[in-house]
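Remarks on the structure that follows.
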Amino acid sequence: MLSPTLVAQTVVNGVAISAVYILVALGFTLIFGIMRTVNFAHGEFAMLGGFALFILYGTLKLDFFIALPLAALVVATGSLVFERLVFRPFYQKELQGMIATLGLSVALQYSAMIPFGPQDKSVPSAFTSLVELHGLTFASDRLAVLAIAAVVLLAFYLFMRFTKMGLAMRAAAQDPEIAEAQGIDSRRVYQSAFFLATLMAALAGGLIGQVYSLSPFMGTTPLVKAFTVVILGGLGSIPGAAAGGLLLGMGETFLKTFYGAAPADFASFGAIVLLLIWRPQGLFGRGEV
Amino acid sequence: MSALLRVDRLSKQFGGLKAVNDISFHAEEGEIVGIVGPNGAGKTTVINLVSGVYKPDKGTVTFRGQVVTGMPPHSLVRRGLVRTFQAAVVYRESSVRENALRGAFAKLYPGFWNTLLNTKKARAMRADAEQAADELLEWLGMTAVANVKAGSLPYGYQKTLGMIVALLASPKLIMLDEPAAGLSPEEADHVRDVIRRVNHSGVTVVVVDHNMRFMSGLCHRLVAMHHGAELAEGTPEAVLKDPRVIEAYLGRGFEGVETL
Amino acid sequence: MKTISAQDGLGPALKEQPRVSQKTARGRWLVYTLAILGGLVLVSWPLLLNDIFFTHVATLVLLYCIGAAGLHLILRTGHVSMGHAAFMGIGAYTSVVTMMKLAWPYPLALATGALLAALLALALGPIILRVRGVYFVLVTFTLGEVVRLVFVNWVPVTGGSNGIFQVPPPFPLFLSNLAYYYLALVMAALCVGLVGRIVTSEVGRVLDAIGESERLAQSTGVPVLRFKVLAFVIGCTLVGIQGSLQAHFIRYISPVSFAFSESLNFVVMNVVGGMNSLVGAMIGALFIVPLPEFLRGWVEYQHIFYGIILILVMAFMPSGLAGLLSRAAAALSMRRRGDDA
C-alpha cells in the first residue's frame, strides 16, 4: 500500500538508518585512512556503546541526553587502552593489524557475554510517542535517532573542516609520510582519530539500541554495513562514507519495506559486485586498488 | 619503412590532465631510441601506454607489423615487447637467481598439466630457462650474488637485476624507464655500458630518462617531450641544440648556450 | 669480451646479508625419512589407541587440513579471502541435498558439491580478484555473508536456520569413526598432496611471483588474473570437498557452521601456523581445530583466550609457528655445520 504515510515513514527510516551507518562507517574509514588498519572490532565498539547506555540509562536511570553522550565518552576513553595495546603495534601493517583486530573483536564479544549473557537485552525506549507533521505520522524514536545522528555528523564535519586537529587528520589520511614531515605529531593524530572513531561508533550503538535489542554479537551487522559503505564510497574517503552510507541506508530501507529483508541484502552485494567491475576504488576512492 | 615499433598520435588523459598528447615516434630494429624530458613530461606514461598497462584514448601502437594498441601486458611480452620500471622493482624476498628464473616465464612455463606432471617437455623447458638465467647472470656479473636476497642488494644492482628479469623474457625490443635514475655517475656509466651490450646482442632499445648527458652518450636518436607533447626529434646533437628544446628545458635566455 | 665484475660493489652484500637457504641432499633424506615415519604413525595410531574422542578430533583435523591448504594456495597470490567458509557451505549443502533429496550416491554428491563450489569461484573470481588487499578482504567477507543468507532464506532446499539433521554417511560402513578417519586421511593426503605439488612446481613459482609483485610478474608476461583465478578456483573447490566430507561426518549442517567465524578460522589457521609454507597451514589446523573440543567447559573464556592468542601471535610471531620451527631448524643446522658465510 503506497500511502503517503508509508512513503514518508520509509524516507525517515531510511535517512535515520543511513545516518547511523554513516556514523559507524566514518569511524571505520578514518581508522583505515589514517592508520591503515582494518578495524574488525569496530562493531564491538558500537556494541559496547549500546551496553554502556543500557547501564547508564536503563539501570542507573540517568537522563537520556546525559546517558547517551556519557556512554559514548566512557567507551571511547576506555578504548584508548586497546589503542595502545592492540592497534598501535600494527599501524601501517595492514595484514597483521587486521588479524589483531579480529582477535580483539572475538575477545570483546565473549567478554561482553560474561556479564550480560547471550540473550538479547532491550534498552527502554527514550522516545515512545508518535509525532504528527503535516498530517503524516512518524515514530518519535526514529526521528530522534535521525536528529541526534545528524547533529553528531554536523559536529564531525565542522571539526574536520575547521579545527587544527581535523586538518591534521585529513592530511594524515591523505598521506601519512608527508603529514609527518610537515610536523604533524602522528601519535596524537592516531589517538585522536581512534577516540573520535570509537566515540561515533559507541554513539551509533546507543542509537541502534533504541530501535533494536542488544546482544554481545550485535556488532557484526554494523561492521558488515560499514564494509559495504566503504566499498561503495571508497576506503579512506570521508565524503565517500557519507555518500555510501546514504545510498546503502536509503536503498536498503526501501527494498526492505517493499520487498523484504533478503532482497535488500542481495541487492547490496550485487551493487558491490557491479561497482567492482566498473570502479573498484569506490565512488570517491583514491584509485590505489 | 617497416619500423619495429611505431607509435602513432598516442594520447592519454587523466581527469583534466593530458598526460600524453599526440605523441608519435618509431624505433628501427637495432636502434637505441631515447625519449627525454623533465619529470612530469609524460615519459613513463608513454611506456605504460605502449606496454599495455594503460589503454590510450587515441592513437595506435604497431609492433612487428601488428597493431597491438590496448592489448594486455602479457600479450605484448609474448610478442617480444618488454619494459622495466623506474624504481628498482624486483622480488625483494627472493634470491637473485629466483628473480631471474621468474623473468623467464615465457620460456619456462610449459602449461599447467605439463608442469604438474613434470613431463619431458616441462623438464626440458626448465633446463633451458635455468641455463638462460645462469648465462645472463654470468654475462652481467651477478653470479657471485645469485643466492643473495634481492632486497638486500645495493640499489644499482637491483636496477641491473630488473633489467636481467626483463631480458630473460627474450625481448626483441626493451623499454627502459629511467635506468639511470638514482644512480651515481659511475653506476650510470656502468648501466650505459650494459645497455650498449644488450643492444649489440640484437635487442632494440627505447630508453626514457631526463638525464641529458646520459642519453646523448647512449642513443642513436632522441625524441624530446614536454608537457605530454613532442617537442623535437633527431640525433642527440640536433635535438639538444634545438632552440625549442633549450627554451622548454632551461628557460628563455639560454639560446646559444652550448648544451651539455 | 670482458665480464663486468661486480665483486667490489657487492662485497658487503655478500658478507652481511642473508643467503636464501639451499636444499642439501642430506636435508632431503631427512625430510623423506620423517615423511615415511609420519605416514606410518598417521595410519597406525587410531588402531593402537582406539579412543573414539581422539579419533573424532583427528578426523576433523584432517578434514580441516584440506580447506586450510586450499586457502593457503589463495594466500600465496597475496589475497586474503574472508569468505572461504561460504564455499565450504556450498560443497556441504549441495552434497547433502543431492544425496538426501535426490537419492544420489555419495561420490556423485561429493563431485557435484565440489563442482558447484568451483563454478561459483570461477564466476566470481575474475571480478573480485581484480582488487587486492583490504578491498578483497571486505568483498569476500560480504560474499560470505550473502551466501550464508542464501542458506538461511532458501528454506525449501536448505531447511533454513534449523539446518538439516540426520545427514546420511557416504556409505553405511562409514558410520564407524575409525572408517571415517581413514577416509579423511586418504582425501587429505590427496588434496594436500595436490596443493603441495602445485606449490613446488613452476605454477607455484608463478603464484609466488604474483604474491610478491603483481606488477613485476605482469611485466614478465604472466597473465596475472588467469593465475589468480586458477588458485582461487582450486582453493575454493578443495574447501568445498571438505564441506561435503565434513557434513556427512558430523551428520548435521546449518548456516551457522558456514558463517564468518568459520572463514576466520581458516585464516587464523594459516596465519598462526605460518603463511609462508603449506606446512604452516597443517600446523595451524592441528593447533586450532582441537581447541574448542578440549575447552568445551569454558566456551566464553576459550574464545577470549583465542582472541588474545591472535593478537599475541601477530605481535610476536608474524611468521607463525612454522616460521618459528624453520628458524629453529636453521639455527640447529648452522651450529652443526659451522657457518662459513
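Observations on the structure shown:
A, B and C are the chain letters, set down in written order, and residue numbers restart from 1 in every chain.
Simple rule for what comes next: a residue touches a chain if its C-beta (ideal position, glycine included) is under 8 Å from a C-beta of that chain, and two chains touch if they have at least 3 such contacts.
These figures come from a predicted structure and were not determined experimentally.
Comparing the centres of all chains, each the average of its CA atoms, the largest separation from chain A belongs to B. Among the chains, the centre nearest to the mean of all shown protein C-alpha atoms is found for C.
One simple way to say how far apart two chains are is to compare their mean CA positions; for chain B and chain C this gives 40 Å. Spacing of chain A relative to chain C, judged by their CA centroids, is 33 angstrom. Annotation: 48 Å between the Cα-based centres of chain A and chain B. Within chain C, not a single residue touches two or more of the remaining chains.
Those residues of chain C that touch chain B in the complex are listed here as 3-7, 9-10, 12-14, 16-20, 22, 197-198, 201-203, 205-206, 208-209, 212-213, 215-224, 230. Of all the residues in chain B, the ones that touch chain C in their complex are 51, 53, 72-74, 77-78, 82-85, 89-95, 98, 101-106, 108-110, 112, 115-116, 118, 122, 126, 138-142, 144-145, 147-149, 152-154, 156-157, 165-166, 168-169, 190, 193-194. Listing the residues of chain C that touch chain A in their complex gives 80, 124, 127-128, 130-135, 137-139, 141-143, 145-146, 149, 153, 260-261, 264, 267-268, 271, 299-301, 303-304, 306-311, 313-315, 318. For chain A in complex with chain C, the touching residues are 32, 38, 85-86, 89-90, 94-100, 102-111, 113-114, 220, 224, 227-228, 230-231, 235, 262, 265-266, 268-269, 272-273, 276-277, 280, 289.
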